[in-house]
Structure formats: structure tokens, C-alpha cells
Amino acid sequence: MASLAILGGSSSQPLAYRIAKGLRTEYIRIETRKFPDGEKYARIHGNVEGKSIVLVQSMYHRPDEYLMEYFLIVDTLKDLGAKKVIGVIPYFAYARQDHRFNPGEILSLKTVFKLIKDVGTDELYVIDMHRHRMGDELMKSIGLPTHNLTAMRLLGRYALDRFRLEDPVVLGPDEEAEQWARIAAEEIGAEYVCLVKRRISDREVETRPRRELDLRGKDVLIVDDIVSTGGTMVNAVTIALKQGAKRVIAACTHPILVENALVKVLEAGAEALIGTDTVPSPISYVSVAPVIIDALRHLA
Amino acid sequence: MASLAILGGSSSQPLAYRIAKGLRTEYIRIETRKFPDGEKYARIHGNVEGKSIVLVQSMYHRPDEYLMEYFLIVDTLKDLGAKKVIGVIPYFAYARQDHRFNPGEILSLKTVFKLIKDVGTDELYVIDMHRHRMGDELMKSIGLPTHNLTAMRLLGRYALDRFRLEDPVVLGPDEEAEQWARIAAEEIGAEYVCLVKRRISDREVETRPRRELDLRGKDVLIVDDIVSTGGTMVNAVTIALKQGAKRVIAACTHPILVENALVKVLEAGAEALIGTDTVPSPISYVSVAPVIIDALRHLA
Amino acid sequence: MASLAILGGSSSQPLAYRIAKGLRTEYIRIETRKFPDGEKYARIHGNVEGKSIVLVQSMYHRPDEYLMEYFLIVDTLKDLGAKKVIGVIPYFAYARQDHRFNPGEILSLKTVFKLIKDVGTDELYVIDMHRHRMGDELMKSIGLPTHNLTAMRLLGRYALDRFRLEDPVVLGPDEEAEQWARIAAEEIGAEYVCLVKRRISDREVETRPRRELDLRGKDVLIVDDIVSTGGTMVNAVTIALKQGAKRVIAACTHPILVENALVKVLEAGAEALIGTDTVPSPISYVSVAPVIIDALRHLA
Amino acid sequence: MASLAILGGSSSQPLAYRIAKGLRTEYIRIETRKFPDGEKYARIHGNVEGKSIVLVQSMYHRPDEYLMEYFLIVDTLKDLGAKKVIGVIPYFAYARQDHRFNPGEILSLKTVFKLIKDVGTDELYVIDMHRHRMGDELMKSIGLPTHNLTAMRLLGRYALDRFRLEDPVVLGPDEEAEQWARIAAEEIGAEYVCLVKRRISDREVETRPRRELDLRGKDVLIVDDIVSTGGTMVNAVTIALKQGAKRVIAACTHPILVENALVKVLEAGAEALIGTDTVPSPISYVSVAPVIIDALRHLA
């Protein structure tokens, strides 16, 4: 088996370093800086020839910059003789547009995914990537082996231990979050339910738990993939409390957190909002390093 | 011949619009905005099927953002049935690294150029792109037909007319600028010369005109491809004045202008610094639209 | 009379340099840079003791940064013995909130104006500053002598000459622009009119010229203080053309130009949009240096 | 006693919210956004008349923006009848220049401190603010009552508990850090020492612990006020390990963290780097809310 080395792009160096430590494998430093016209410079400080290389680069906040850096480094790794390039993109932006909702729109997921493959990526790992409607088929058609890992077990476990949840219930803030709620619930031995919208008349829509599940007096853990402006999470916290929940803890994998999302979620009544380090943030209490380490262990 | 339409990416909409007007051809608007996580959205508001499409997108200041947008739009154009995509990238960043000067460095020119081709560009136009040492061969090996237009005639003509230069001499600030000086000089019927460094002892280097060319009492027009921090231009202005020039006008195609470059050039004694709209700037007095219009006229 | 020196803050060095040249007076360079935590460093490279100092610093794009730099430099000038500090703030942001439109709102004009005075400004020059409703009284109450210069004569003259307007009419895009239209019209010997909104029924509002003024077959010059997103200007261009104008040229003092405003104005049918260098931009064809030079000449 | 309310500026809303919760007092929301020209808008959503108001606003990353917002809000609070305004500026930028090291330099600490007072601040709380040489006297001369709280006890306690340090030694990376090392050491019942530079010949400087203190086999906790580029901390970690330390934990109050400082500190051999939420960051494990709550309790 080719020897393994871990590299971190400028968006994810601390996470890459943790993964290398966890796998007890080589960490190769990448130097990056910018020229006055905004052009990125990068240099790999180590030997990659004949090795399997893991490049960790998340795509938060300035996705175009981090993606271009990813392309530049992967192409260089192949030029320098890397045997295999395994991309780890913990937060994958450009997953929204997996369909042309309106004529003339870009189909970003396809374009970005294709570029990632064409530039030399042999295998890809992402975390709690939200493939809407058509995403899965679109990605399959491009033919890059992709693994969608989940941080939901880590989040569930952390919330349970840190906040000493008692007999908790896990709540998904909408139907698409059912997948996340199920995993977190399983990990902590809890029941789960997700919120659904029900039309109750021509002019009224009601959001409520899909199944009959009594939240009265319960410790509720709400889980979702992303908290961006916080609207969906605020809504879920509000409903959980209206339904009689005793305590509410909110958790997400990717804490994008714009427009004071954190305070909004707390003001809505959540005791805390927790996230992971796929997106470095002040609430990145949980590192996804363990799930990446587990997934890569067969290579080390 | 397929009908022609001009589109402008978010870095170059005014220039694209001028080109469309000049060619009396269709201008198709692209709508762009960003999602809260920084992901770009774009939508083409017009029909591109079966047409030859010119996409104008310069790469100044935030090259990664503009380049990613370029990729997303070109791939979409091809999906939507465009017959041919002609890229116009007036300022082409990522031209510096056309060689690995140190082990492990990225070879950006190659990677970027390859991505531009692979994503669906059929032909490329750039302006006064500076290919150092190996650039030309590198680009040839990728096989994307590329035309390097020049703004030097426009700059020469503008300087002559606007500043009423009398019997001027054109000066290139270093040996690489000889190509630009020659063209500008030809246009305005002047002689030209470039500065060279000459080692005069172990510890001293002298910069002076390559050939014997008397600048005393002359109107001197200095031309270069880029003014970034302004160091090279300041040096050339200083030398021209030391050699006795009466007036000095400085000109460049790409006014990147960082770190107060404009004031530095003026403080050195230049009467003015002029540039083009490949990089929108307060000194973009000259539009490159005419040279692009000329180059594309056979398509219209 | 104390001797005079001109300084430019980092937002307006080229303009300050032009003013110094025009007044044939001393230009003192300010060095600026940032520490890694974003803190600004500045150093004045020249002697200011006993002198009247003109500090030019516009407030576009990053007004907070330029304003803080202004405060830091003015306080330093006074510490270093400057006899008098004359602020020139060509584009004055924070002029919008001159009244609390809703309870709890900041009254930015008052706070900013008070800080400018308290930090040591003895006299202030601004250009085409838009004082809404209460601005004038608010500013008077603070007691800092302020001169509101206008670039409208320069804009009118430039448009007339550059576009060879024939028997032109000047149009203000709304009632607040009447003041600007009047001045520009006077300069070029034209008539002027401004657009007003007229309610023609419960549900319809019509925008049309206030007075009967036939635009049919006319060259129309539209002038306003600011073009920001371009909405107001686009509307005015559209109406002028609907009323039969032959040619339309748009002009503004402060070309803030966000969200592709330039292309929008051109697409609406304007032949050109021109602006000044109070806000450096690709359409800053006109420098306000002459009006500032005139206003300061009594000090030189 | 006037009733108390807590407000958070846009840099510190989550921290302000925690303080309000801890004091069981009113939290008043401030709405903020920007106009297209970069001008800030803010509105206070609550009644402040006759109350003592605590405004929490840290000054990291974009200090000018946060400072201007602070000025605008404080002036508004006073206009709206607040009885007293207590500023809490957890990270205070502009503390560096407390002296003109070179002629013509700005004396930022004085200017900023004076503006904070003049705009209406009655009392100020900062955290581990580094007053160099002259800072204290400069601040005293301005006459704004200021309290410099410390996060060192919280950091010491957190490191001890979280990393189960055994018989630890606290190390200050330079002489100025002795004050922080002493407090942290006291809290966890440890000895402390700081590093000093000693000239051992004309050309050699040696950095070593000031007193004889054997680090061999010890758990070492390094504490400093700021980690910015990380140079000082990397140096201290390296020396501690050279001196034979068994484990090294690094801690700071203000994790500014630029240029990959976190990875550099880890690569040097620190087991972890921990910081507080004065500067929101991925290593802000410790909240300074408790020390602020304690300091403000007499007002609640």
C-alpha cells in the first residue's frame, strides 16, 4: 500500500493537522499567500511522490477562493507524482443548484463536481452534504467515488454528555432533516420526529411534528445539517417550546452563521447551539476529525 | 454563420456592453448574486442555443471569484446549446507561475489554462498578457487557440493626443517591456528604447537605457503591461527625469494599482498615469473595446 | 498668514496631490498600513507645526475605516502643532440619517458631524452633500463652519464639450435634484426641469416633468448627486426617452455604483454615465480638484 | 438604583446575550445593516430611558467598523435618555500606539480613548488590555474610569480541568507576560516563570526562563494576552519542550489568529491552544461572560 500523507488547504489546516495526528501519519505543510492582484500562491513543503495524498479543504465563507486553491494544489500533486489524491471537503458549498429551477440558471453542483474530478481527484469525502432532489443522480453520472460521512453521531453524543440530557427526543426541523434526526437519535437511544407543514385551510399552514410524539416536559435535541441565517432553526425551537418541551438544545454540522443567527436561536429559547469544525466558528465545539479518521483508517 | 451574442460576467459588464454596441450585436444580461455562505448564483437572461457566444470576464482583484463564475457560466452555455464559446479575459491573472521556481510550487498558468479549456472554452482572447519564460510553450501544449491582443496602440494614440506630446520617445521600464514599447512607438511614429540593468562592479548595479538614446529635452512616454505596486514605473520615471526628459507620461494596460501606486508614480514626477478598462480604475481613460471589437468583427 | 500644506488620507491621495499641484503648495505624504488585527497605522511624513493643514479624505465604500483614519490624523495634526485643520470630505457618507424616522434609530449625521468637530476640525468642505429634511439645522447646531461646494458646473461643462450637446435640456430625476439641475443648466445656458410624481388615481402614480417642457428631439443631460444602485437614474433615462429625447447623457457627482448600476443605466438607453473623482470609479472622468482649488485659494 | 439593560453591538451579540442571562437582566436587541455605500444603519429595539446601559462591543478584525458603530450607538443611547452608559470592549484594539515611536506617528490609544469618552461613555470595562510603556498614564489623563478585567483565572482553571494537568508550571512567553502568568498560576496553585532574552555574546541572544525553574518532566501551561501571527507563542512552546517539558498547553485571552497561527503553535508541539470569546474563533472554548458578570453584578 502506498504510504499516506495529509495536507490541509488554507481553509482547513487545523482540522487536517488533527487528522494526521489521529492517523499517526505524515502531515505536509502547504504555504499559501496572495500576490497584490489577488492571485494565490501555494507551495507544498514535502515529498508527495508515489504517495496517497489526502487534501482537506472546506468551502465555507469564500468558497471560490478555497475551491480554486483546491484545483491548483490537486493538479500540482499529480504533477509531482502523487499516486492517488483523496479530497476531503468537509463543508461542500455549491450543492444547492442541482437542478435548473428557472431557465438559464447555472447548474453549479454539476460544474463544480466535474471540475473536482477532472483536475485529478480520485476519491472524495464530504460531510452531511445535502443533496436535494436530483443531486445523487447528477453526481453518480460524473463518476467520482464520493462518500458522504455524517457528524450526527458526534453531535448527538456531545449534546447528551455535555448538557446531561435526560430521556431526550430528537427533532428534525423539516422533512429533509429526517435523515439527520434518525442517526442522532439512534446514537443516543432516543426517539425522533421531524416537523412537517400541513395545510389546514386555504390560507393557513401549520407546522407540527409529523407523528404523534409528545414533547411535553421533554429534553429536545434539534439537529440539522446547516444553520445559515437561522430561520429554520428558530422556527423549530419555537415550536418545540410551544409543544411543551422542557429544554431545547440546537445542533448542526455546518455552522455558517450569518446575520446574527446564533443570538436569534438563543433568543428563541434554545439553551445552546452547537456545531462542528467543518466551518470554523465560535460554536465549533465538536471536531469532525474522528469520523474522517475512521473513514481513512484503511489507507493508513 | 452562427449568430453572435455578447455576455459580460460580473467583473466586466460595462466593457461587454460596449463591445456589443460596437459590433451592433445582441447583448445578453447575466444576473448574479451570492448566497449567505458565499456561493455564487448566476442566471443567463436570454437564448443562447445555436449561437456563438462571447463571454467577457476580467480577472482583477478577486480572480478566484471571477474565474469560478467564468467556469460556471461557460459550462451552462454549453448545456444550453451554445454552438461555440469564445472567452475574452482582458486581464488574465495567474500568468506569473509558468514554471516551478522552487520545488513544490503550483504551476498556476497551466492549471488555470487547462480548466478554462476543459470547461468548454473554444477560443480565448486576452490583452497584453505577460508570458514569462515558458508561458508560450506551456499554453501551446494545452491546445486552446489563444489570441493575445494589445492595447499599446490605443495607449500611445491617447497619450499623444491628450497630452499633445511633441516629438516623443517611448521608453520600456525593463527588457520585458521592449515588446510593448515597440508597438506604442510604431503607432505614434516615435523611437523607443528600454531600460536595462548593467552590473558595473561587484556591488553596484546601474539601470540605464539599453541603446544610446538622448532623452534630454524630450517628451517621454513610458509604457508597461501592468502597474501593480508601482515600483518599476516609479524607477523608470525617475531615470527618465534624471536623463533630462522634459515631460514624462506613464501608461499601462492593466492598472491594478495597489498601495497608493498612482500617487507614487505622480510623486516621482510623471505628469499623468493612464490605463485601460481591463481593470476598472480611476485612471481607466482608455477602453480596450475597440481592439476587441476589431478582433471579433469576423464573427459578427 | 500661516503657510499651507495639503495631506491626503488613504481614500483620496491622488485627489489631494492634484489639489496641492494646483495650489502650488506643499504636499505632505501620509504613510498608512494595517496591523494583523485590522488596526490602522499612520504616520505623517513632514512638518506641520504652525501651518494650516488641508486633509482630504473621502468616505466611499469603507466609510468607517476612512472616518477613523480621519479622526486619528486630525488629532495627531493638532498634537503636532498644526495651527488650523481644514477637512475636505468630498463624498460625505452618513448624511442619510438626519432624523429618527423610527424610534431607536441612530442619528448618524449628528454623531459623525460632532465627532469630526470635536476631534479638532476647524472648518469643513464637502461636495454636493445631500442634506435631507433636517440636515442643515442639525449641522448648524453643532457649530462647525461647513462649505458645500458643487461639481455640477464641471459636470455640465464636461458633458457639453465631450458629447457636443446641441441646445440641451437639463433634467433632475426627482424634486430633490432640482438644486443640481438648476446649477448645471445655468452653466451651459440651458433650460432645466425635474421629474415629479403625480397621483393620477387611487392606484396609479405617474412620474413626469414638473413643468411643461418638451423633450422631443432634444439632447437631455440628467444630473443627480449620487448614483448608487442606479434605480432613480434608470427611471429618469427611461422617462426622458419616452418623452421623445434624441440623446440622453447621465451625470452624477458621486458614482458609488453598486449592483451593476453602470450597465443598468446604459441598458436603459443613456449614451454615457459620467461621474467625478469624489468616489474613484471607472467613470470618474471629471476631477473635483478645480472646485476645491478655487475654494482654498484664499488660504494659499 | 437605575434599572439595568444589556446591549450587544454587532461584534459581540452572543457574549452580550450570555451576560444578560447571567445577570438575569433585560437584553435589548440592536438591529444593524449596511447601506450600499457601506454606511452602517442601527436601531435599538427597546426602551433605554432612565436606565443604566451596558453596551458590549469587541474590536477584533474590523476595529474601525465596530468602533464607529459603538460611537453611533452610545450617542443615541444618551439622546434617548439613558442615565449611564457602561462600555464593555472585551478586545480593545488601538492599544499598541501609546507613544510616538517615530516622529509624525498617530497616537491611536489617546485618540480612540478620548473619542470613547467624549461620545458619552461613563465607565469602561476591558479585558487583559495590554498597556505598554505609557498607556496607563495616557489613559488616566483622559479621565474615563476604566477597569481592566482578566480572563487568566478562567483560562488557568479550564486548562487544569480539561487537560487534567498534573503539578503544572505556568510560563509567560516574555517579560510583559509575567503579569498574566502570575494570575493564572495563583488560580491553579502552581509556580510560574517567564522567558527573558539574555545576550550571551556580541552576536548571540539566548531566550530562557528568568529564574531557575526546572521544566523537565513538567506539564507546562503557557499564557499570553494575544496570539496574533503566533510567533511569540511558537517560540515559547519550542523552548519549553527543549527544556524537557512533558506536555505543553498554550492559552491566550484574545485569539486573533492570523496566518495559520493555530497550526503553527500545534506544529511547534503544543497539545492545544485555547482562547476566549473576546475574539470569536474556533478555539474560543472559554467565555469571558463570568468575569464580566461578576464585575457588573453591583449594578444589577
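So that you can tell them apart, the chains are marked A, B, C and D in the order they are listed, and the count of residues begins at 1 in each.
Quick note on the criterion: a residue touches a chain if its C-beta (ideal position, glycine included) is under 8 Å from a C-beta of that chain, and two chains touch if they have at least 3 such contacts.
Remember, it's a predicted structure, so these values are computed and weren't measured experimentally.
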Under the touch definition above, the chains in contact with both chain A and chain B are none
Taking each chain's centre as the mean of its CA atoms, the one lying farthest from the centre of chain C is chain A
Between the Cα centroids of chain B and chain D the separation in whole angstrom comes to 46
Distance in whole angstrom between the CA centres of chain C and chain D is 40
Chain B to chain C, mean C-alpha position gap in Å, rounds to 31
Chain A touches at least 2 other chains through residues none
So the touching chain pairs work out to A-B, A-D, B-C, C-D
Given the complex, residues on chain A that touch chain D span 8, 10, 13-14, 17, 27, 29, 260, 262-263, 266-267, 277, 280-282, 284-285
Given the complex, residues on chain D that touch chain C span 35-46, 60-65, 67-69, 71-73, 75-76, 79-80, 91, 93-94, 96-97, 102, 104-108, 110-112, 114-115, 118-119, 226, 228-229, 256, 258-259
